[in-house]
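Quick one: this structure, given as structure tokens, is what I'll be asking you about.
Order of writing sets the labels: A, B, C, D, E and F. Residues in every chain begin at 1.
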Amino acid sequence: MPAGERLYESLVDLSVEENEAVLWNQIKAEARRDAEVEPALASYLYSTILSHSSLERSLSFHLGNKLCSSTLLSTLLYDLFLDTYSSDPGLRTATVADLRAVRTRDPACVSFSHCLLNYKGFLACQAHRIAHKLWAQSRRPLALALHSRVSEVFAVDIHPAAKFGKGILFDHATGVVIGETAVIGNNVSILHHVTLGGTGKTCGDRHPKIGDGVLIGAGATILGNVKIGAGAKIGAGSVVLIDVPPRATAVGNPARLVGGKEKPVVHEESPGESMDHTSFISEWSDYII
Amino acid sequence: MPAGERLYESLVDLSVEENEAVLWNQIKAEARRDAEVEPALASYLYSTILSHSSLERSLSFHLGNKLCSSTLLSTLLYDLFLDTYSSDPGLRTATVADLRAVRTRDPACVSFSHCLLNYKGFLACQAHRIAHKLWAQSRRPLALALHSRVSEVFAVDIHPAAKFGKGILFDHATGVVIGETAVIGNNVSILHHVTLGGTGKTCGDRHPKIGDGVLIGAGATILGNVKIGAGAKIGAGSVVLIDVPPRATAVGNPARLVGGKEKPVVHEESPGESMDHTSFISEWSDYII
Amino acid sequence: MPAGERLYESLVDLSVEENEAVLWNQIKAEARRDAEVEPALASYLYSTILSHSSLERSLSFHLGNKLCSSTLLSTLLYDLFLDTYSSDPGLRTATVADLRAVRTRDPACVSFSHCLLNYKGFLACQAHRIAHKLWAQSRRPLALALHSRVSEVFAVDIHPAAKFGKGILFDHATGVVIGETAVIGNNVSILHHVTLGGTGKTCGDRHPKIGDGVLIGAGATILGNVKIGAGAKIGAGSVVLIDVPPRATAVGNPARLVGGKEKPVVHEESPGESMDHTSFISEWSDYII
Amino acid sequence: MPAGERLYESLVDLSVEENEAVLWNQIKAEARRDAEVEPALASYLYSTILSHSSLERSLSFHLGNKLCSSTLLSTLLYDLFLDTYSSDPGLRTATVADLRAVRTRDPACVSFSHCLLNYKGFLACQAHRIAHKLWAQSRRPLALALHSRVSEVFAVDIHPAAKFGKGILFDHATGVVIGETAVIGNNVSILHHVTLGGTGKTCGDRHPKIGDGVLIGAGATILGNVKIGAGAKIGAGSVVLIDVPPRATAVGNPARLVGGKEKPVVHEESPGESMDHTSFISEWSDYII
Amino acid sequence: MPAGERLYESLVDLSVEENEAVLWNQIKAEARRDAEVEPALASYLYSTILSHSSLERSLSFHLGNKLCSSTLLSTLLYDLFLDTYSSDPGLRTATVADLRAVRTRDPACVSFSHCLLNYKGFLACQAHRIAHKLWAQSRRPLALALHSRVSEVFAVDIHPAAKFGKGILFDHATGVVIGETAVIGNNVSILHHVTLGGTGKTCGDRHPKIGDGVLIGAGATILGNVKIGAGAKIGAGSVVLIDVPPRATAVGNPARLVGGKEKPVVHEESPGESMDHTSFISEWSDYII
Amino acid sequence: MPAGERLYESLVDLSVEENEAVLWNQIKAEARRDAEVEPALASYLYSTILSHSSLERSLSFHLGNKLCSSTLLSTLLYDLFLDTYSSDPGLRTATVADLRAVRTRDPACVSFSHCLLNYKGFLACQAHRIAHKLWAQSRRPLALALHSRVSEVFAVDIHPAAKFGKGILFDHATGVVIGETAVIGNNVSILHHVTLGGTGKTCGDRHPKIGDGVLIGAGATILGNVKIGAGAKIGAGSVVLIDVPPRATAVGNPARLVGGKEKPVVHEESPGESMDHTSFISEWSDYII
């Protein structure tokens, strides 16, 4: 069991506050260690992590500096983010779950502090959670301005109305597009260039609903108000226009179910957590090069 | 009929100048309303819209601040954009048509001011129109420097020589790539990750020609000097290497015509305006999950 | 023979230093010419090229200014880049080869200076070469911070551990993702949206190995520790999950070999250099629209 | 009675909180009026005043943006200032008194908002009050860093240990220097280029003590641990090295008492509030041109 | 006759436009020469001078970049300055006269371009001329915001209502303070730390009136509505509270007339142009060290 | 004996390199201690001091960031400063002597790192030493551009041609003006607002010559090619137009010698080091208030 997973296990019994405190202490310890071995990075680590008293202050500072522009100042964003975090403790819980998701699922993620500072998928997701909160408070122009900055700075385009569960991983993240009425469950993993898109110019419920534990491969396009069942797996580059049953695997353009429409192969429960992208190859008779 | 469309209808009989004035007044009214309900955004709205006397001044300011860098100052770009707008009234007409295209076709676009400020597809398109003008004036190094900034800031890569019609919508826009000899007609809608690419290292006419009213779905790749007929529809994720007839639908990788090569199904006139992405599913016998 | 290629030929017999000096002189001559005809760009050209005494100083300055942020200052990056260049002459050789690759293979590349300043694929590749050097020196937090900035600024996500040959072209580059254990040979050309990805959350050798002279088309996704043989060609939008033999062409999702699995068509030696994307169409019986 | 003074009168019976609330409302009303008549300034007024919920938030934002540098970020300063204000309500009381002092005493001060935004003497004084608080909390390196930024940005050099009363006006303020052990009473007015300096390199109590209601003219230099009695007036350009009795006037270099050492002329009670700089001329027999 | 003066002579017969054109050409020639011998400065010279088509565009750009802040953007100021210059040709005439004044009178001024770029006294004076124009147009909040930036950036504090003649030199300029109702004639030279101040808190006409050709030495303080006659000279460090006759010299604190009150020595006509600071020493019987 | 002085003593026998190394180690130790007790400042201390390998690198970084502007980038200045330091070891020796001068003579200077980071007099002096070197290399436009930035940023205006000895302290420094042909000896201390000015518009040697060990009080004005003898003391606010003998004290406007012209009182050898500003009062019969 890798270190990341072990940590995850041991945290399960803690309260939300304890959980966050444990994580924050670990992040600071990581940053302190990095600052010691790499003085060139120490200033960066102190300003972003080590000078802050909590995870949400660190994140508000870091996001504020990344998303600001000459017409949207960092102090304004910092203030806005801090206010939003303090108004909704659920945001912090989700942030903690997302951090753990990255650390546990991505073998290239060497530390929590690395994720906090450098993963644009993680950062875009947290900015979305704030924008979504603003949207829910009917502060729509502000939510959309924030959405726009995230799309420019991280190349991740998530409509502020989209609903997200917890423990979501956006790996690499460049080019992700998620529409207004999309819903994403818990423990979902989504690779870069994935589209959860609409089907036209009709208003109303028109974007995909992604079940818990789903894994969506790089470049997959899912269009319309379709349901991707819990634990389903969508292969890289697939184009999905209709529902996919739970724990089934859809691949190709147009997407087909591995094992066939009638009796699709059913796999492990949560590919969104196991991140198994390619084990279906052996069972996919079509896949012959 | 949604509000956006009604507005569009009522403007048809106005002159270019009246048309632009009506639109600019509406944009200012929207911004004023947003500034009132959201003081945190008022500074942003005043600096980008409400302090300006015309649409092109507002746009020149906004683009100048977005595209500037430490070595290409905002004042230089602002000056350049203003000069270019004043030298060619056609640019303003195209901008007005593009703004209306977004407002009418994208149900997530809540206002003209939202589009003007936040839609990177719209902004990249206007920057391209200016770069194209500079290219046509043989100011090529400047056009290419501008092109490069647009590619970095918006992740939209349009060669300054590419020729564009009016009323073009780039929805989401991240990852769009359009080559040097590409031509795009009027009232075209192009989703994110779309490539209008070349076929190799030969110079000369080597990129796609897109007819009026075409709709190109997310992630579609069209390569070579091929002709996409007026009103054609290219499905998401398709790879198109040869011509597509007018009002036909091409889907898949490699792309096939819905209804078959011999007797392709022919649809409504302008999917680029109706934005109907997925109605072909029912007729696409292959699409079985 | 186009000018770019002629230049390439004539440089073959020079030493590394002479080679770089010849190129640097040409770049300065190009910049001087552009500054004269376009005074609006002269300041930019002097600060980025004409005020510097060598290619690596110019590049360190330009990259430092592009990749800096409010918490990672340009002077720190500039210093780091200069130090890294001076510690490893191999980096400069690779940079020269990359510059020549762009100039020779991309018909839209009008000059070396244009590539140096404006090609985000080229710039991201040079930043990666520096990050890779830092990674090899066990300065991992710094390498990852640099990696993160490249991913944000250029939308190009290359893990610092990935191993690169020389003469590599990233054309357009937006959305390229290359994983930790990927290896890329010499004279490879990779279009935008290409993924060289892993297959899950297992650590270890899990990313593609790309042979010399390979050409990978736009939007292609190659997953897992698979081997793409020297001189192979991967069609745009293909999804490749298993090995591709040398000089074969793989197209489609799932990818198939042109000519069939048993007797694949074998083409010219180095499509990565010839950039021939679409000549296989005639031989690809499946490709019927 | 001018408007400023009337306002001052009517506020005398209010509590501290009411007082501050009345003032803050007036400042917002002034800024709103200015934003309406001058759209070019509206963005500035919204970002600095109208988007904030209290005087101390507005001031923290404004000072943070003025005093930040590339190595001391605005968000850090903003945070620090907000924290300091919330830890000590006395700071807010002093700020309110200083604002009123400027408005009442300086005929060129057209509004409270004008003073809040534009008077560098007022801003330097508020920054000093914060630095002094940090000094008192033994956060000396931070207090000195802040002191240094104030000296660079406003050309006002006040040692963080100096003790200030309330209702202090620094008019024009450029070049003011105030040493470590200086003490300034209530309702003091100090013009530009005034020095309250030490006498050498001995540590210990070595700077002037300025009584309540003192007025110090432009360019006056007061050196050493001397006592300037309450209500005294120091003429412009004077050099004062020994004590000045209460309500006396010292002028010249070296300074002499108007009326003579033995029987100095005694004037009104608080020249620091009346701002009468030159009425002594008639009584100053020496002043003959 | 030094080169600067010769140039001045030869321009006397030209029209305003010709005059400005000749000067602008000379400035560009100087900048071009400097850019050639000093590549490190070429970028700076191109962005500030060589890329502009006229003196007022260059000056608007340079001032806009110097006076901007995070809440007052350079594009806004640039626009404002350009508009003001184009609305009043008299501003340009005064600028030309000021440039010539510096070049002719200051032996340390090596070129017109040096003055345009580097003399904060010249730049503060031009910014004041613009602020004064805004004040006259009743755009007072904007004029005061500009005034405030000039005071912070250049440490020169000139109330926007103060009236200036032409051909004014502020040498070194740090710490100059000029009040609301001050008036300065033509061909006046004012050294650093000079105060033209008021006498209290009474509104109304309360600041000095400086005649043509006056020279005011470093650190001189002139207070109240006093008249400094044409061609008078005020010695460094003097404190002047009453009128000074034309062509007389006032020195000391309190100031006395050289030659005595009854029969003051009368000198050359325009010390403001000859810059003779100290020739009075021989005649000043008091000056004995 | 205070700590600062003890340190000074113990360094006397070391070589230049050892001396600098000892000082640099102490600076780093101080910064490390401050970073530990004040996390809010740690980022600043790491970026300015702790991430650098030598005093001159730290100083080049710090000055580059302070003096840069939107048209003179920090990387350019950083490069220029590093190059100048490495070309002339004498510059480093002078810097070390200046640092020690501040630490030993100013009781408010709590540490070397405090001086290095926060003393604008020290920073302006180091920038002048570099500008002077450039001037001596006939890189005059560059020297003047640097001079101009120092005058704006620190309000300290030192002509690049002025010649400086070692161990110079500019205390507070605001408003200091030093002309082209001024010369300052070793171990001189100069307070704020001091002018070493010229006498008119004649070229040639026209500024004061300040002997070793001189102390010049706040606001003193010394004009013309006069000689201030070694160890002389100039009182605050004095105006000096003729020579002052060695170890004499000149005070007042016009300045007189304490003790009288014929038999001036002679004091300790180096008031520039002892910083005794006011001991002359007892002997100055005129000083009666």
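The rule is short, and it goes like this: contacts are C-beta pairs under 8 Å (C-beta built on N, C-alpha and C of every residue); 3 or more make two chains touch, one makes a residue touch a chain.
Which protein is which chain? UniProt says A, B, C, D, E, F = serine O-acetyltransferase.
For clarity, every value in this text was computed on a predicted model and none was experimentally measured.
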Where subunit A (serine O-acetyltransferase) and subunit F (serine O-acetyltransferase) overlap in contact partners, by chain label: B, C, D, E
Intersection of contact partners for subunit B (serine O-acetyltransferase) and subunit D (serine O-acetyltransferase): A, C, E, F
Furthest chain, CA centroid comparison against subunit D (serine O-acetyltransferase): C
Chain whose average C-alpha position is farthest from subunit B (serine O-acetyltransferase)'s own: F
Same-residue or different-residue interface between subunit E (serine O-acetyltransferase) and subunit F (serine O-acetyltransferase), half as cut-off: different
Centre-to-centre distance between subunit C (serine O-acetyltransferase) and subunit A (serine O-acetyltransferase) (centres being mean Cα positions), rounded to whole Å: 28
Where subunit B (serine O-acetyltransferase) and subunit E (serine O-acetyltransferase) are represented by their mean Cα positions, the distance between them in whole Å: 51
Inter-chain centre distance, subunit A (serine O-acetyltransferase) versus subunit E (serine O-acetyltransferase) - centres from mean C-alpha coordinates, in Å: 59
Residues of subunit C (serine O-acetyltransferase) touching at least two other chains: 40, 43-44, 47, 51, 65, 70-71, 73-74, 76, 155, 174-175, 193, 219, 237-238, 253
Residue ranges of subunit F (serine O-acetyltransferase) in contact with subunit A (serine O-acetyltransferase) within the complex: 35, 39-40, 42-47, 50-51
Of subunit F (serine O-acetyltransferase), residues touching subunit E (serine O-acetyltransferase) in the complex: 69-72, 76, 80, 139-142, 144-145, 147-148, 151-152, 155, 157, 159, 174-175, 177, 179-180, 193, 195, 197-203, 206, 219, 221, 223-224, 237-244, 250, 253-257, 261
Interface residues, subunit F (serine O-acetyltransferase) side, partner subunit D (serine O-acetyltransferase) - complex: 2, 34, 37-38, 40-41, 43-44, 47-48, 62, 65-66, 68, 74, 104-108, 110, 114, 117-120, 153-155, 172, 174-175, 191-193, 217-219, 235-238, 251-253, 274-279, 281, 284, 286-289
Residue ranges of subunit C (serine O-acetyltransferase) in contact with subunit F (serine O-acetyltransferase) within the complex: 43, 47, 51, 61, 64-65, 71, 73-76, 78-79
Subunit E (serine O-acetyltransferase) to subunit A (serine O-acetyltransferase) touching residues, read off their complex: 70-71, 73
